[in-house]
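For reference, chains read A, B, C, D and E in written order, and residue numbers begin at 1 within each chain.
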Amino acid sequence: MSCLADKFDRLSATYPAQMRSSLVLPLLHLMQEEKGHLTESDAVFIADYLGVPAMQVKEALSWYTMLQRAPVGRHVIKVCRNISCSLMGAERLIDYLKQKLGIGEGETTPDGRFTLLLVECLASCGTAPAMQVNDSYHEELSEARIDAILEELS
Amino acid sequence: MIELKIDNKMVAANEGETVLQAALRHGIEIPHFCYHPCLSIAGNCRICLVKVGGRPKLMPSCNLAVAPNMEIETDTEEVAEARRAVMRFITLNHPGECGICDKAGECRLQDYHVRYGEPEPISIEPKSRKPKFYDLSPRILLDNERCILCGCCVRFTQEVSGSHQLGIVERGSHARVERLETGAFDDPYSDNVIGLCPVGALLSRDFLYRSRVWYLEPVRSVCTGCSRCCSVNVWRRNRHWHLRALGEELNRTAYRVTPFENPEINGPWICNKGYDLHRFMARQRVLQPMIAGRGASVEEALAEARRLLSESINPAALVSAHASNEELAAFQAALGPRLAVYSREDYRPAPGEAVEDGLLIRGVKNPNSYGVQALFGHRPYGVINGHDLLLVWGDNAEDTSFDGARVIRLASFGTQQEFTADVLIPVSTTFERSGSFSNFEGKVNRFDKVFDKPELVQHAGELFGRLA
Amino acid sequence: MIQDLVVYLLFIGYAIGFMLGLATLFTWVERKQSAVMADRIGANRCYIRIPFTNVRLVAWGLFHGIADGAKMLLKENFTPHTYDRFCYNLAPWLAAAPVLLVFSVVPFGGTVTPGRLLPQLHAFFGERSYLMQVASLDAGILVVLSLSGIGILGTMLAGWSSNNKFSLLGAARAASQMISYEVAMGLALISLVVTYGTLDLNGMVTRQSGLLLGFLPAWGIFMQPLAFLLFLTAAIAENKRVPFDLPECESELVAGYFTEYTAMKMGLFMLSEFIEIVVVSALLVTMFLGGYNLPYLSAGGFVLPGGASWALPHLAVVLLQVGTFAAKVILAGCFQIQVRWSLPRFRYDQLMGFGWKFLLPLAALNLVVTACVRWWTL
Amino acid sequence: MTEPRVFFNFEVTADSHTLAACRERSGYRALEKALLSMAPADVEKEVTASGLRGRGGAGFPTGAKWFFVDKKSRVVYLCCNADEGEPGTFKDRWIFENSSHQLIEGVLLAAYALNVRHAFIYIRGEFDLPYRRLREALTEAYAAGLAGERILGTEFCCDIIVHRGGGAYVCGEESSLLTSLEGFKGYPRNKPPFPAVKGLYQAPTVINNVETLATIPWIISHGGGAYAGIGNQNNCGTRLFGISGHVNRPGLYERPTGYPLKRIIFEDAGGIRGGKALKAVIPGGSSTPVLKGFEIEQVSLDAESVIQAGSMLGSGGIIVIAEGTCMVRLLQVLTRFYAHESCGQCTPCREGSAWMDRVLGRIVAGQGVKGDLESLESVTRGIMGNTVCALGDAASMPVASFLDKFRDEFAYYIEHGRSMNDGRLEV
Amino acid sequence: MRKDYWNKPEMGLWERLYIFEVIRGLCITGSVFLGNMWKWLTFRKGALTAYYPEELRSDYSPNNRGRHVLTQRDNGQVQCVSCNMCATVCPAYAIEILSTANFADPCHPKAPERFEIDYSRCIFCGFCVEACPEDAIRMVKEVPDFPGFDRDRMWAGMDLLMNWRPMRDPAKHYPTPQAPLREVPE
């Protein structure tokens, strides 16, 4: 945890000193990068570090969709299913992905490599359909592109 | 003073007030769930929408500051439609289980549903399921299905008690009130959220299913837990609903204690100890006068006490800090000049009890220490001994030794065996008499009689005249 | 005269016993008769268990009267918050006493000669004979009228001093009703007086002892049928019984003028009502139904129209006469009860209209006709 | 290209986003000009003169927004709203990826005009590449003395803090963005008080869209009058329009306001895919009412014209829907989105959006019943205008307009349990 | 125009003479009286009413509501959820219910511990049946067989009410309780 505290210190230095409370979200992001998913004890840890009520951090943790509260696979595939991507065939691709990975929405493959999440708009409407694997975008998808991306990851 | 017009009625409002406050003060009813005068404005229930002259949209009156010449309408069809819509949304997932909900009868949602809602839901969707009977603490249960997410309880923990132990987690229609998984909701003021909840989502385990509220009636009383002397309502069974088959004793039981809003002393809150007042009062009672350990009639006990008093050379009295001002005055008038008077601390803080905080709880755990000390000065017994007779008035078996003096005891609680007094006369509790206490700031707070006293129990205030 | 004192004390005792006994009986009769009329059973739950056995003496519920009396005597005596205690307490007595007094002028038998009843009594009584009547007054019928006028006072006082709107309404109704019907009753009786030419009730009975047309008993009902009807109607109205029970109608006024009375005070009102049944019956019998006269019975025995006769001892004659009178009274009372359970109650305006616009003219007409006939035959 | 270009005035290459490339195309000239030769009030005056309107969706004049802020206040905060979440809109992402320095310059100019010491850029959490590009650009700017202490040697100091969001559409609403920035879950706040009076940490706060702020350098260097001369009179300047959906060349186009909608769809974006007919257009991001194909004939891309047609220009994300698309299922995609993104604070939105989603889900599953459309309509009426923030309106407007314009399709779906068309969203 | 709101009887001269109609009425009641009296005297019963409790009627109307039944769920538990609606609506204050919390059955957390009906007070109005939201209390064709000399003996408890004529509820089948009441995602 000490190295985490160092990172926390470095991050909090970039914010004005009176804005400790603002650091809740950045620290949660940071912690998630470190640990993959977050639990309530992490929230309490951050709250203690910042001196804010633990409930505030817990609320934030449960409220923001990017924060994972359950263990996820090594690669988190987030497929956009909003209007523009749907118009360009996202539903078909989601079915394809489900079938290819053999998992449903929100599930992780048994080998722990992939987690399939369906998300709302990724702001890639012009290049729809799109998905985000871990943090990087993959746009203008088709079955072939998906095959290639998955190939590359494994 | 700002003059504004609500429903074509000129209303005078104070600077900085909201329209809702001004309307409520003038008896114009605007429904509200999330608004509470002692909490910040959340504006999230949206049932208090009103029409403001010159604005296209309906405005929430709880967040609308009064302005001169404002024209507010609360009974137009537009407002009624908005209320109907909001009631529709609130009742969309609210389970229809008023029958088993303890709040029914004093539930604002119920009242508003009758007044502003629609008789039949237009939704045919199944109601969503959320955790029921979620344990917030050993005192409180939370039914998330009934919760309408007004956030009053959360704001209470944030703004009044400051414990920040409750929060609304998840988003959208999955949102629900939760505590931290690691810590119970052990706020010393936690029970206030039960009364604060406009619906029956927060349930008191103590009162759970004990009675429907319309069978009960409140009586104003005072909490004897500390020298704050908060005003409370003690709920006893209404005379019309006295029970016969289920036991007469239930008719003489205080079902629950809730705060009585007294802006001078406690505002709308009391602490958990106050909520437990009825249990404090339901302890084992002394009901039988005793002379040297054997039962006697009241007259015999009094005669014996008179004899002891007349025979003694140097009598003293230990005066209870649970005595009302009236009883103290009666004591002073009848016996005061003849006895050396000491003030007595009936109760001291229990181990683990919150001693003192900035909100309500005070360190002195007796209600009328101020009154006793104002009358007799601060003289704890033990400084001077050598009295041959002690009139010990008050509860709690004393740990002080009485130095071989003869003892006349006036007590309410305990078992007969506990007291090794020469004369023991049972006296009434706070619930069984009316009177007043002076709290630590000297503010006088009155209380009314809740129950009749048991037959052999005497009112202390009436005893002294007969003892003298 | 000690003998007179003994006889009149016996008469008084008989009169009071007769009235109270019949009144009590009528409470039972009313229940039982109405039950039988309505296909019900009626009072049947009161019994006396014969001591040391399990035998329960039910006796068709006859003990209900006793139970009622006991209950009324033992009940808590509630009094309303009235500012006139005196009137409130006086009213039941004013209601009950005149009714009892009326019977003093009613003859309940013919002439009795105690010395001839039993040989043993002869030594004491000698040949003195007495009319079987508590007070033989010349103005007998006027006593009746005046005493029934006092009854109104009790009712009025009760209603007014109860300090209750139902009571007051009942009292107001009672007063107007009783006064109204008193008029018709008085006129009807005057025509009777004109017929018999006497005010004394015993004289009237004596006048009825003969035969009309050789076979019909010369009873008032045959001499004055219209007066009989008028008197009957007015007397029932005086008694405030159905269909003239407006002063105490349960459906409107709780219990009317005695709403605020409990226990034996209320009992007195109730009792006076039933005594009044007896009294009304007695008057009816005396004035219209031949009193103690049994047809064809004279002082010596039966004398049938054909000329056959059957001599009877004096004791038998006296007993027959007293028994006849009692039987007639009971039958007349039963008839009143029958009326009470047959007819619906009048509306107030109907009541008044009936009294003033129907009964009074009819009574007046009857009087005129009677007077004419009397003048003609004299 | 005769029209002036605020954004698309360079060729995107592998390193066109760097400071050097930016400087080459006269980046930071406006900042130099402002800091060295203009007073803060002058900058504000230029912006007011330009008639620039907010590009986030509501179209509030930027100059007026700045005017309301009490600049004498001890602290004034500037927030750049980069939480771009509206389906159909993807303009800010392009700015971050390709022209971050332009935004930084705009932020600094605004900060200078408003006397701001700390400026925040609240960027969407999902944006990974944009976030990295922005951080790079900021590092470059700090290194070059263009941000931080004593910028360009003047007394003006301004720190720019990049704050990543956590994935919440509602945080694009300005007050909820502030709540989120304060470290709470992003509940919108009740207005009044407005952020210009009590915003971040109760201090006066200005919140501007990325595109708005990135336009300011152009206005300062070319003058407000020049900007006001572009496009329509009332609603001047150029805007970034993102076209998505069933068109041949979806993407981002910068066009002056007043540009015909038909032309941008059929000429610039290359017409409908597969040569199909145009069925409907959602002209300003998913939350705006839908327009039927024939309704767009006269519509030009400025706020008034679109409002006249019965919709709103919003954030300029044009979604094109071709003939043959199932509108019922499309609407369900939208309601699902709004039910998912409703923050849960106020009752009508929390319950209503989920209710609409459930009803539509049921209809799509073929279990619609007769009164469903009426109850949907009553739900939209109940939500509209009754919520704390605009998300409630955003959720109910598409439903209301879809039901209004394509009622027969919904009625058919309910009656037959299947779509009138082949039930696909893709063509 | 004045409107007559009542049914004005059209009475002929005969009726208005009254006396004859009175006599007719007296004849009717008198004949009934004499008829019944004759039956009594000849030791046949002249009444339709019965000597209760020595005699009991056997031909009660099917609509007769004489005793209460507490219905049971399929598992034999009492259906009552102890909402006290019946006790509240009861005009005679004859019902008293003591509730208990039972979290083992999450669908029915509230249940009666004691359920008492005072038959010395009950007026058999049936309001309790109408007020019950769960169809847990019913009244059936029976006579309350509680004559006694002691009012305290006239209480019917839950055991009696449930078991003297056990009734299941055919109209309302409850779903088997969904065991974990955690949130069910859509």
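The rule we apply is simple: a contact is a pair of C-beta atoms (placed from the backbone, for glycine too) under 8 Å apart; a residue touches a chain by one contact, two chains touch by 3 or more.
Quantities reported herein were computed from a predicted structural model and do not represent experimental measurements.
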Touch graph components, with chain E removed from consideration: A, B, D | C
| item | value |
| --- | --- |
| Chain-chain pair with the highest tally of contacting C-beta pairs | A-D |
| Chain whose Cα centroid lies at the greatest distance from that of chain D | C |
| Core chain by centroid distance, with centroids computed from Cα atoms only | B |
| Distance between chain centroids, defined by C-alpha means - chain A, chain C (Å) | 107 |
| Chain centre separation in whole Å, for chain E relative to chain C (CA means) | 45 |
| Approximate Å spacing (C-alpha centroids) for the pair chain A, chain E | 65 |
| Where chain D touches two or more other chains at once, by residue number | 168, 185, 340-341, 343, 358 |
| Overlap residues in chain B, where contacts from two or more other chains coincide | 128, 168, 170-171, 174 |
| List of chain C residues in touch with chain E within their complex | 33, 35-37, 39-42, 44, 229, 338-339, 341-343, 354, 358 |
| Residues of chain B defined as touching chain A within the complex | 157-158, 164-171, 178-182 |
| For the chain A and chain D complex, residues of the former touching the latter | 14-16, 18-19, 21-26, 28-29, 50, 52, 56, 59-60, 62-67, 78, 81-84, 86-89, 91-92, 119-128, 132, 135-137 |
| Chain A residues touching chain B - in the complex, by the definition given at the top | 40-41, 44, 53-56, 58-59, 62-63, 65 |
| Chain B-touching residues of chain D, taken from the complex the two chains share | 168, 185, 190, 192, 339-348, 350-355, 358-359, 362, 369, 371, 375, 378-379, 381-383, 385-388 |
